[in-house]
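To keep things simple, chains are lettered A, B, C, D, E and F as they appear, and every chain counts its residues starting from 1.
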Amino acid sequence: MRILAVTCHPDDLEIGAGGTIAKYADRGDEVVLCHVANGNLGHVVIPPEELGAIRTKEAETAGKVLGAREVISLDVGDLFVSSHDEKLAAEICEVVRSVRPDVILTHDPNDYMRDHVETGKAVFNGSFSASVVYYITDSPAFPGNACPIYYMDNLGGVNFLPTEYVDISDTIERKLDALRCHESQIKWMLEHDGIDFVDFVRTCAKFRGFQCGAAYAEGFRGCMVWPRIPTKRMLP
Amino acid sequence: MRILAVTCHPDDLEIGAGGTIAKYADRGDEVVLCHVANGNLGHVVIPPEELGAIRTKEAETAGKVLGAREVISLDVGDLFVSSHDEKLAAEICEVVRSVRPDVILTHDPNDYMRDHVETGKAVFNGSFSASVVYYITDSPAFPGNACPIYYMDNLGGVNFLPTEYVDISDTIERKLDALRCHESQIKWMLEHDGIDFVDFVRTCAKFRGFQCGAAYAEGFRGCMVWPRIPTKRMLP
Amino acid sequence: MRILAVTCHPDDLEIGAGGTIAKYADRGDEVVLCHVANGNLGHVVIPPEELGAIRTKEAETAGKVLGAREVISLDVGDLFVSSHDEKLAAEICEVVRSVRPDVILTHDPNDYMRDHVETGKAVFNGSFSASVVYYITDSPAFPGNACPIYYMDNLGGVNFLPTEYVDISDTIERKLDALRCHESQIKWMLEHDGIDFVDFVRTCAKFRGFQCGAAYAEGFRGCMVWPRIPTKRMLP
Amino acid sequence: MRILAVTCHPDDLEIGAGGTIAKYADRGDEVVLCHVANGNLGHVVIPPEELGAIRTKEAETAGKVLGAREVISLDVGDLFVSSHDEKLAAEICEVVRSVRPDVILTHDPNDYMRDHVETGKAVFNGSFSASVVYYITDSPAFPGNACPIYYMDNLGGVNFLPTEYVDISDTIERKLDALRCHESQIKWMLEHDGIDFVDFVRTCAKFRGFQCGAAYAEGFRGCMVWPRIPTKRMLP
Amino acid sequence: MRILAVTCHPDDLEIGAGGTIAKYADRGDEVVLCHVANGNLGHVVIPPEELGAIRTKEAETAGKVLGAREVISLDVGDLFVSSHDEKLAAEICEVVRSVRPDVILTHDPNDYMRDHVETGKAVFNGSFSASVVYYITDSPAFPGNACPIYYMDNLGGVNFLPTEYVDISDTIERKLDALRCHESQIKWMLEHDGIDFVDFVRTCAKFRGFQCGAAYAEGFRGCMVWPRIPTKRMLP
Amino acid sequence: MRILAVTCHPDDLEIGAGGTIAKYADRGDEVVLCHVANGNLGHVVIPPEELGAIRTKEAETAGKVLGAREVISLDVGDLFVSSHDEKLAAEICEVVRSVRPDVILTHDPNDYMRDHVETGKAVFNGSFSASVVYYITDSPAFPGNACPIYYMDNLGGVNFLPTEYVDISDTIERKLDALRCHESQIKWMLEHDGIDFVDFVRTCAKFRGFQCGAAYAEGFRGCMVWPRIPTKRMLP
């Protein structure tokens, strides 16, 4: 299978679906990661231009740890992601056309902040266009129907009832290693604020694991609209 | 009564509410249909400019089959419908003011693709403005409250629990005849892809019919916000 | 039409649907009211046996004010209503068979106390049996399908989102007059506790009225299960 | 895998999950069907004692068509199924212990009539006890956790949003053949009432198929409680 | 505590949360009110430019009645509030930074018209940015997490199930006095349309009061997203 | 305040609300714990009669650790808790009357197994009766309205969205110590099955803590029915 994860800031993918991505990769699926925002406002000291570049690099390193074939950045500035941005819609469509995924992972439109909410909607919108022949982007239209979308758990698992779970017991360490690649975030929070974000993410995975009888797990819910509903399991 | 249906692409009205519209017309209500998008991207061969014109014509023919007094097209390009488009908001307001409907039918904002979602929201927004005197469009403000809105079933009936049903046993054939007027869609799908879309739509109506004890039915849910809640049945 | 309201204690009908019942009666529908419990525990002074008789009489008087043809009491003791009581199920079935209603009104199974919850479930259960030929009660089986059920608003309107509203502006005073017939409750609360329950009920009706553009209204939600879903308005 | 379906009346299994059961059987899973009620009240002419025996036999024939290893009847009389019946709870527990299923299919507790509702709850209750050592039935306790439960679609698909779908395109005819084995129901309805129930069931399966891109499908939702949540697909 | 209420048109605050605001002020909390729209289209006779100025003044008077420290107007024209308006997002962020609230009150995104819906979303979006150092507005970033948001009741209480209630028995008259300050709305409706809007608002507060055992109350629901969830009561 | 927690098996209280109970006790509230079931079937080796006695004692020890004034056991056998058991209803009523609580904690009726579900319903039912004068138990009727109920988190946090959180950072160790008092469960699972249940419970509390910005937390949702809705925080 071909898997496309379109998440918002660098590190969001690792938080929400890192273990699942590693599991896909481990079983031989082809995985492409795409970050919509460059994370340029995610620091109290490092200025935006500098930070954007740093985080794009961190995301690439993390993607390798997870076994992704490619890590794409759409380079939207933090706090400016919009599902009404036609340029972004076209870019997401082009990513979908170039990857031709069997399944897409993205943010739940009920997540905790605008960029995530808008990413979820933009992916819903942009991925639909991939099969529309006269909607022109660099790559030709993707034949067939819009593919299934799975929404990742919200940050902190708040207000989210997963309908499907992935056992990530075998990939939890890789998920956390990938998360640690985001040094500008993880290391900084630990050293300057005393916040152990890796522990936060591990705990969430352990909690979701308890719910489904696994040591560690990630939860998802399918986007239930025509024609995105599958009759087989799309998650690993 | 005066009925206004504001749906997205030509053929969406027929799929979601064709039987209901015909029933309204049959009992003497005045019906106006309005298509927000021109459907110009709805084909794999026919180019957009040509297709837009073809489909606008198909919609007019279909509207006549259903007994509509008028078929309006707002001529937005496919994949570009937006509830944040102020021009569209004003155009929908103007349509509402010119029709002065007792009830509006439109897409559920949980439908399967952006244009439908945004149409549902744009109608919610635009129809409110109709009574605001100093919001200026060609026609004068429509006195009184915003009128009831009913959301049509989602495509394929996915993720939709109707709260009201219309028995369309007497108009199912007219609904399907109107649907067949959209030759660029229906005939093409049948001949080139082997997809019998008329059968799809008939089956959905039969299923909704089973649910309410009718041979064929269409399902709706009322938009429950002040002051759009009626104390009598607005559906035929 | 023939209307059957099966509510719990005497006065519950008046609180939840008195205006609707009066409206049915006013337009010529035949209305039968049935109280499951006798209300025998509804007082701090009057002992149960005495109170049961008093309240049964109050219910009859109130029923006349609303225009009901008949008021039936199933005489279950307060706090002992159970949807798992086979005798009660049979009695409700018999009531349904003797009345042959086109629509049934009862309590929402999410209401505020056990007797109401269980009444709602018992009516759901018992009314189904009415058409089952070999389920024997005094009257013969009622041919045809189980009829539509509408659940009344919860006490105080808590946790209830009506899907249909009845304009009771013309019958609000009759509703309140019928309520006042329950002297052992209404008059007592006013004189001994200083609680003006009639004002409580009037305010709820006024609030529901605001929601639907009427001076006074009552809210309901249909019980959405096969084959109880109608294609026309069952409420007046 | 070992599959246990505990449904209510004979023919309920075929209506809700016949195609899925046949698919399980086709791929080599071991399937046991269990009917809680004997269906003895399901006729307007044939008396209960006679009908119970007839329908039990019809259920066995239908079970063979679907490829079930065994068809068990718990022989509860129609309209008397109760989740508060301790004898029934013990019997369901015993069935679970004797079968040791990997997954259980049953009715959704929101279905259209009491027996179905109570069956869904009784299975939820009874299957939990299977692993409790000192809860004594004929078979020893079933080691390990309570297994996943999937609720079948409600009758007529009313008020049910499936979270998982099974493509039954290959087994739809077998599903309908099994349904036809219930002659006392299907043939009778057709000949005496002119109701083509097989067509009803086929249409529902076709509708659920449209929703998930299959010719025919059945919809289910998982019972989401600890420890019944799996991390792999339990449906075929 | 510091309280910030960001509502849409002048008078919306009084309708939804006037009693709560007065209660906050009475107990010594510092309250700032902010109106996003200037209400310039809220009249059938007075022209927009004139009305905007009148209503801004009315809002200031009303704010004083409620005990607010300050009343801010963002001066967006009616029917043009948009959560995708970056200027508005920045302005809301700046208001949050200048006030440094412990809690924010705003409109529920399910309210009855676009400006309210968009205000609710814009506040959700804009208030998040307050702590982002490199998102530049006049005031410096607000250290710490995004603060709790409480959504006010929808207009007319439609489609809103409060999760928390505030007893406003002591401040109901002040709430209504503040409401009366909006003479261009309240007095006009009474004199020209015979609509007693103060009575409408009083009735809603009385109804919410019945629900929670108070003479008058206002209902709210918390915005449940990370990190906006408190472990103590934020409402007075 | 007086707090009453009515939970099912010994140890359920500690799992769901141990930290909250300790917090209530720490601030001087009077706490009474009541176990409906005796837990007699909760072991694979120790026989029921023996186990019931052991666990009742463990519950008392645990209750002391949490600071409870008293620990009551209603001594119902495991798997036999029923909300339709009139004796149990009376016993719960009597407990409520003897304690006169300001708030009750119990199981959510959506929890994972019958005894918990039925306990939640039985408490809802039984606690209502406490103020009904002529419903006779040993203690006199409890004057005033039915008190607020808060439902504890489901086991494993499955299918539960808390509306209120309690910060238990100061009492988490006491919660876990109390849990460890249930040696027949906790120690056994650890030694024989290698399951560290204390770690399970700690992780759930840590997860709920992340959601609300605390080191550890417990989540609850209020039972929203008349007249159980408070206007102040009932949780510590």
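In this text, a contact is a pair of C-beta atoms (placed from the backbone, for glycine too) under 8 Å apart; a residue touches a chain by one contact, two chains touch by 3 or more.
Keep in mind that what you see is a predicted model, and the values were worked out from it rather than measured.
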{"item": "Fewest hops from subunit D to subunit E - one hop per pair of touching chains", "value": "2"}
{"item": "Chain-contact steps, minimal, separating subunit F from subunit D", "value": "1"}
{"item": "Far-end chain from subunit D, centres as C-alpha averages", "value": "E"}
{"item": "Copy pair subunit A, subunit B: interface residue numbering same or different (half cut)", "value": "different"}
{"item": "Of all other chains, the one whose Cα centre sits farthest from subunit A", "value": "C"}
{"item": "Subunit E and subunit F: spacing of chain centres that average the CA atoms, whole Å", "value": "39"}
{"item": "Computed distance of Cα centres, subunit D from subunit C, in Å", "value": "35"}
{"item": "Sites on subunit C at which at least two other chains make contact", "value": "84, 156, 158-159, 161, 210-211, 224, 226-227, 229"}
{"item": "Overall pattern in which the protein chains touch one another (line/ring/star/complete/other)", "value": "other"}
{"item": "Pairwise chain contacts, counting only pairs that touch as defined", "value": "A-B, A-D, A-E, A-F, B-C, B-D, B-E, C-D, C-E, C-F, D-F, E-F"}
{"item": "Residues on subunit E engaged by subunit F in the complex (per definition of touch)", "value": "145, 161, 163, 165-167, 210-214, 217, 222, 224, 226-227, 229-233"}
{"item": "Contact footprint of subunit F on subunit A as seen in their complex", "value": "156-159, 161, 200, 203-204, 206-207, 210-211"}
{"item": "Subunit F-touching residues of subunit C, taken from the complex the two chains share", "value": "40-41, 43-45, 47-48, 78-80, 82, 84, 110-114, 154-156, 158-159"}
{"item": "Contact footprint of subunit A on subunit E as seen in their complex", "value": "84, 86, 89, 124-125, 128-129, 132-135, 141, 146, 224-229"}
